[in-house]
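What follows is a single structure, and I will ask about it in a moment.
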Amino acid sequence: MAEEIDQRVLAQAIDDIVASYALHGNINHLDGANLPSRALVSGLLEDLLSIAFPGYFVEDEVDALTCRYFVGERCVRVLRRLEQVAARAFSSAGTESAASNNARAQQLALDVVREIPRLRELLDTDVQAALAGDPAAASASEIIMSYPGVEAIAVHRIASCLHRWGLPLIPRMMTELVHRQTGIDIHPGASVGHSFFIDHGTGVVIGETTIIGNRVKLYQGVTLGALSVTGVRRSKRKRHPTIEDDVTIYAGATILGGDTVIGAGSIVGGNVWLTHGVPPGTTVMLDKPSLRFIAAEP
Amino acid sequence: MAEEIDQRVLAQAIDDIVASYALHGNINHLDGANLPSRALVSGLLEDLLSIAFPGYFVEDEVDALTCRYFVGERCVRVLRRLEQVAARAFSSAGTESAASNNARAQQLALDVVREIPRLRELLDTDVQAALAGDPAAASASEIIMSYPGVEAIAVHRIASCLHRWGLPLIPRMMTELVHRQTGIDIHPGASVGHSFFIDHGTGVVIGETTIIGNRVKLYQGVTLGALSVTGVRRSKRKRHPTIEDDVTIYAGATILGGDTVIGAGSIVGGNVWLTHGVPPGTTVMLDKPSLRFIAAEP
Amino acid sequence: MAEEIDQRVLAQAIDDIVASYALHGNINHLDGANLPSRALVSGLLEDLLSIAFPGYFVEDEVDALTCRYFVGERCVRVLRRLEQVAARAFSSAGTESAASNNARAQQLALDVVREIPRLRELLDTDVQAALAGDPAAASASEIIMSYPGVEAIAVHRIASCLHRWGLPLIPRMMTELVHRQTGIDIHPGASVGHSFFIDHGTGVVIGETTIIGNRVKLYQGVTLGALSVTGVRRSKRKRHPTIEDDVTIYAGATILGGDTVIGAGSIVGGNVWLTHGVPPGTTVMLDKPSLRFIAAEP
Amino acid sequence: MAEEIDQRVLAQAIDDIVASYALHGNINHLDGANLPSRALVSGLLEDLLSIAFPGYFVEDEVDALTCRYFVGERCVRVLRRLEQVAARAFSSAGTESAASNNARAQQLALDVVREIPRLRELLDTDVQAALAGDPAAASASEIIMSYPGVEAIAVHRIASCLHRWGLPLIPRMMTELVHRQTGIDIHPGASVGHSFFIDHGTGVVIGETTIIGNRVKLYQGVTLGALSVTGVRRSKRKRHPTIEDDVTIYAGATILGGDTVIGAGSIVGGNVWLTHGVPPGTTVMLDKPSLRFIAAEP
Amino acid sequence: MAEEIDQRVLAQAIDDIVASYALHGNINHLDGANLPSRALVSGLLEDLLSIAFPGYFVEDEVDALTCRYFVGERCVRVLRRLEQVAARAFSSAGTESAASNNARAQQLALDVVREIPRLRELLDTDVQAALAGDPAAASASEIIMSYPGVEAIAVHRIASCLHRWGLPLIPRMMTELVHRQTGIDIHPGASVGHSFFIDHGTGVVIGETTIIGNRVKLYQGVTLGALSVTGVRRSKRKRHPTIEDDVTIYAGATILGGDTVIGAGSIVGGNVWLTHGVPPGTTVMLDKPSLRFIAAEP
Amino acid sequence: MAEEIDQRVLAQAIDDIVASYALHGNINHLDGANLPSRALVSGLLEDLLSIAFPGYFVEDEVDALTCRYFVGERCVRVLRRLEQVAARAFSSAGTESAASNNARAQQLALDVVREIPRLRELLDTDVQAALAGDPAAASASEIIMSYPGVEAIAVHRIASCLHRWGLPLIPRMMTELVHRQTGIDIHPGASVGHSFFIDHGTGVVIGETTIIGNRVKLYQGVTLGALSVTGVRRSKRKRHPTIEDDVTIYAGATILGGDTVIGAGSIVGGNVWLTHGVPPGTTVMLDKPSLRFIAAEP
């Protein structure tokens, strides 16, 4: 290579890139506080999931004899990693002192570990909902190991805690990591009841101010979104719908708007497009789809 | 860290997690047989794909001189890994003796290796269908290396064999692994003819009892699903549609129901929603979509 | 294992696979030029993204003192890797001499490095569009680290250069790699203006001959596709729509056809299906969706 | 490559190698029980050393808050790995049933974990001996992190337990692993008292039936060996010397023979060659070395 | 860090290093042919040893059913890697054309693979010699897995072939790699008969023109060296001793000189220093070592 | 496993280990400052060697076009890593404030980078000395890639700087790392002139207060040591010999004592044992070794 590329051309190209860091500084992160690393956040999620579903996501066998030590060692790792990424997230977002950010980060890390039993209680209801809801599901093992919805919900429940407790940046990184894996995009701000089931899941989008009740079931491609976003930048106004208990929403349905309430026990059919609420117990479906049928020529 | 976290608080938190393993045992896997590991199943798929498409998915060059040794060594690895994960899957699902499970696992592993030539025959038709069906495709190489549909179909064909031969858990783990990669979710129970082509593919869902003929073509977001799942838990009733030979289904179409048969040679337009069948040769499309056009103010 | 599997059965199975390589040679790559490796193309993209967004995607801290060396070392790696994969791609596609392919590959690699400042200028507009367009976005950092659309667009802009400059195979491998991560599938042939924003993104498909203006905004599940592909194989005819400046297209909308032009400033509502253009400033939406509401029984 | 190597030549070469496996079966291990893997034994030693010297040989911080969990998790890993390699070692050596070998292996693994406090007690005396014995040593940290003798002794003390408890193969693999690192070769059969110090250490050899008292100090290149090995194959006769308490042996000294006893408190000078014992308190040194001095020509 | 280090100081330091590359070009390798990589040579040795001692040095089980595929795949890898490093070594050393170097490299790689059965025949004699010679050795497995001498001899036998066949650089890299592991330094030019055994081995040095007969046994610290090296630079004169059949040389003995012949069946005692030969059947030992004994004060 | 091991037995074993941390706290490192990690120190050495000998120890090609960027990026990494391990070493050893330790660490890291050209100047003389001194050496490449002495000296020269500049712990960790690789143990406190050559090297020991002149040559097993260490603990008294310019010391020689001066141009023969100095130009050798020759029985 050396013979043909002129050293000055390469040096100039590199100078131009460095110069563009000054020119377009908005997309650099050169001199601020260190950002939380995506790899670290990803490892943190793996540890939390391996504690929440012991025996499923680790190579080593975990049994009654050994689970205490497995849990203890993972919790310590979670504490350390979460403390580190949380401190970075607080300092990249805020104006508090380093000492204050570190103290908040440490407290938050401990709170997450203490929250795990409650998370497991919820996740148990989610797995049972999947088992009840999908005739193709053969066992809890199959669901935990091969249903993307379970992983997406588990990560949401973790991210949601962190979001409620005021941690910036990390909860969104977590939900985006699981979005990449599953195609399911749940904003950490969304509030989700127990026994939640998402089947297949690719393309599901659940917005920041969505409220979802208990025993709700969604299929792939469902959007729970905002009607229009003009002029509401960063307001905390409710922009996404409320789904009450025991609602089922079939594939591809779109439900929009902060005042839209889908009443308890309703069923929303596939591809339905709703910008207003329905009373409890309503079934909404596409009415005789306007299709044109052209028969084959004889 | 040590200064500020109280040892007893941490010990209590860990005790609470261990206690929750007894309380919510449904989502643990602590004392049963070892489950097949996701990493092992993933490595198995990689090996099978590298045998099926030699020269594409491995770093090392494979040529006519050396392919015999490459194939031999990979087949041995497939035999060993498949035997191991299959034995675990049989023992986690069933009540047979360990010896009987191991014998079944060994036979099944050998059968898979012997099935590879037939799989390749089918995959060749799939690649040719992609080449014929997408004007943007420049070569078989481009298709094998950059079309998610080809990978999803290849994995489905492997998982489908294992499913037909009675292996639990593993086929679903395989199809979920490729679902994560491609956004294409084909249940291993679905039956798929030759020359199958899925373009783009994100959001495609094909249910457990679907039957697909030869030379069928699907676009992204197509659902071949069930109408309603109430009360059919784990029955073997046909719940998903039948797509006959030479059917094309455009993006976002939804076809539901076990009795729904799309006749040979039909075309189903984008976003169409069908819960009943159409005769052979039918073209179905959204009839003049009910749109409202609001012109800009002058 | 050895006791029970017959050596001859295994040897026969391996022979049959090798024989199938002769029989179905279309899906082998045994004796041609080496193909570019997917792992290498993936590493190349990582390096390019780490140069484009310094400080975001690498573990090591990059600051004003050190960024020159970071950039220099990465650019050299990009030059070498891109030269290698480009030479393979040219030789697998074409009929030029090895020397000529190598010279083209080297020139192209240098051109990419020199293009990075212009890429950064565009990417800066994209990040700003995201920040302006999503009320849930808290900072540029959050967008760069957790918005799949930004990554998909960045990779598209890189792949698009390479495609315009005549490099086969690699651009499609790049866009497929980011498609797997994000569910967003943009053909490298598509032309995209500045300040482009895709929110959520799962299921977005943008075809080869699409033209997109400035300040365009898309949501998940939008298809910009072809009407019908019969008989146009590999023609360079425009088959995909033109989206003019300042258009917003909501989730699930489908816009098809090479002559379809969405006029500047238009808004296309969710799930809308359009096969013809609209004048500038038009708002198109599903007109009172034909839904059937069935109230709960009293 | 393919063009020039004849397929038949390669196939013949491979056949010849496989044929040589039948011909020279003594150096194959093809059909017996699986052997313990060197990588596993090496990982086992790493875990044991990280428990014995907490805070020194692991990347993660271990502190008073977290050491219990660190220790618990490592002990479980030691139990599992040791059980596995021990079962393989018993079965490759012996004629017991698999069940009996597994039971012995499990008991032995637990015994090793229970022995760790006693090992640490001894290792503490060894580190203190090094600190006292080397004027260049600045701290216990420096000794634990940079004295090869400490590592060699620690591994010997572990291997020696396993050897005493009847485990074949593994103890020798362990001492050979540390021999490669340090150049210090101590047979697991050797018996070593407390406060043992080896300085520099390269070339030290300590034979199988050596007995070493307390507070003994050795320098590099010391051999404690057998006089002659004819006709004693595998007898358990004592073939190597006895070194009583408080003996110092300088670099390059050689002491041979099973009846050779170096009395307590003796000092053996560098390069001394001894095949018989000396009474307590003796100093032995090379007497005015027979050197020839040739002055430079004037 | 950025705040305190001056950019110009760092830039100057880097400039000075680059300038020193021009000034002290003897220890750079910047613009010549690529050198063979140490990692590649190391991997090559691992593969060759795993073929020579199947079942010992690989994690995967190799059995009679599968060894043919294991061997075939490893041989192909050896062919490719050896061809690559050999071509680099020829081109870094010589003046032949690239084509000629590549052809030599390819032929040599194939010759090595074809030599493996003969190597195994010799290695079998070496392992048997160890088993016969060390009363502490319990089995062939123990010797192969934990005797450094066996590994050093095996690597020497491979390196010696390559050296005889005229390959520069690589044989020395190989013997140095095993020297680091074992402390045994055998020059690839040395000629070694069958049934060779080195016990313990640390510090053994065997020079370039040494000739060693059959059934020779060495202990740690033995030097077979040159008397004086003045003025013989790169001559091919014999500078190192000849050791005839059935000689045993004990620890620390030094035998020097190209005309020094140790006659068949001789025994050279520990620490003996010989610069001339002895007739067959001689036993040489340190005669009553000139020691001074100082008794403890009463 | 779980069935047979009693939970309480395991818990008790773990408790006992944790208790032993309190009891034998001398060999823990639980609550002090973090120690420098061995892996980090090892990576630091690799980077420094790859800058000192560019083109030899890295996989990537480094050429005149690219070496500036390679050097810059590695220097930044060296700065960061050295700063980190140095700060830990200062804080584990000393009583200064964290801020003061960090400032010293930063300055020292920069000084090391600025010292590299001078190090290269010395290393060039060492490689030339090896080329001149060993008739078996074919090229500078062979020496740099396969002579352990060159690596040991290079690491010593780096460690020696750090030691002179007052850095605790790290220099000894560095020399011990290369001791493990090469069997050559040079204390960082030793002072070594230019053109230093160590051949073979296993077993060489050079003590803390040794002074070595220019153009000195050592063979394997040479000890430059202290006479006796009683009562001099940690004094800075000179305890090891002085070797003047142009001295050659053959294998196995031992030279002891702080007042022992080997005059310029002297030659010390193999296995010689010296506790006093010799004037310049002296040749010292074992005078007619006292051997006993026993002829074979006729």
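Here are a few things to note about the model shown:
The chains carry the letters A, B, C, D, E and F, assigned in the order they are written, with residues numbered from 1 in each.
The definition used in the following text is that contacts are C-beta pairs under 8 Å (C-beta built on N, C-alpha and C of every residue); 3 or more make two chains touch, one makes a residue touch a chain.
The structure presented is a predicted model; accordingly, all values stated were derived computationally and were not measured.
Residue numbering shows that chain A and chain D use the same positions for more than half of their mutual interface.
The greater number of contacting C-beta pairs, out of the two interfaces B-E and E-F, is seen for E-F. Among the other chains, D has the CA centre that is most remote from the centre of chain C. The interface of A-B is repeated, with over half of its contact pairs matching by residue number, by A-C among A-D, A-C or C-E.
Comparing the centres of all chains, each the average of its CA atoms, the largest separation from chain A belongs to E. With centres defined as mean CA coordinates, chain E is found 57 Å away from chain A. Chain B and chain D have Cα centroids separated by 52 Å. Looking at chain E, residues 1-2, 5, 10, 14, 31, 61, 63-66, 68-69, 72, 75-76, 80, 183, 202-203, 221, 252, 271, 286, 289-290 sit in touch with two or more other chains. Because contacts link the chains in a way that matches no line, ring, star or complete pattern, their graph is best described as other. Taken together, the chains touch in the following pairs: A-B, A-C, A-D, A-F, B-C, B-D, B-E, C-E, C-F, D-E, D-F, E-F. Residue ranges of chain A in contact with chain B, taken from their complex: 51-57, 59, 61-64, 67-68, 71-72, 75-76, 79-80, 83, 103, 106, 110, 113-114, 116-117, 120-121, 123-124, 127-128, 132-136, 138-142, 144-148, 181-183, 200, 202-203, 219-221, 251-252, 270-271, 286, 289-297. Within the complex formed with chain E, the chain D residues making contact are 1, 4-5, 9-10, 13-14, 16-21, 23-24, 26-31, 34-35, 37-39, 92-93, 168-169, 172-173, 175-176, 179-180, 183, 185, 187, 189, 202-203, 205, 207-208, 221, 223, 225-226, 229, 232-235, 239, 252, 254, 256, 265, 271-274, 278-290. Per the touch definition, chain D reaches chain A in the complex via residues 60-61, 65-66, 68-70, 72-73, 75-77, 80.
Across the complex, chain B is touched by residues 1-2, 5, 7, 10, 14, 61, 63-66, 69 of chain D.
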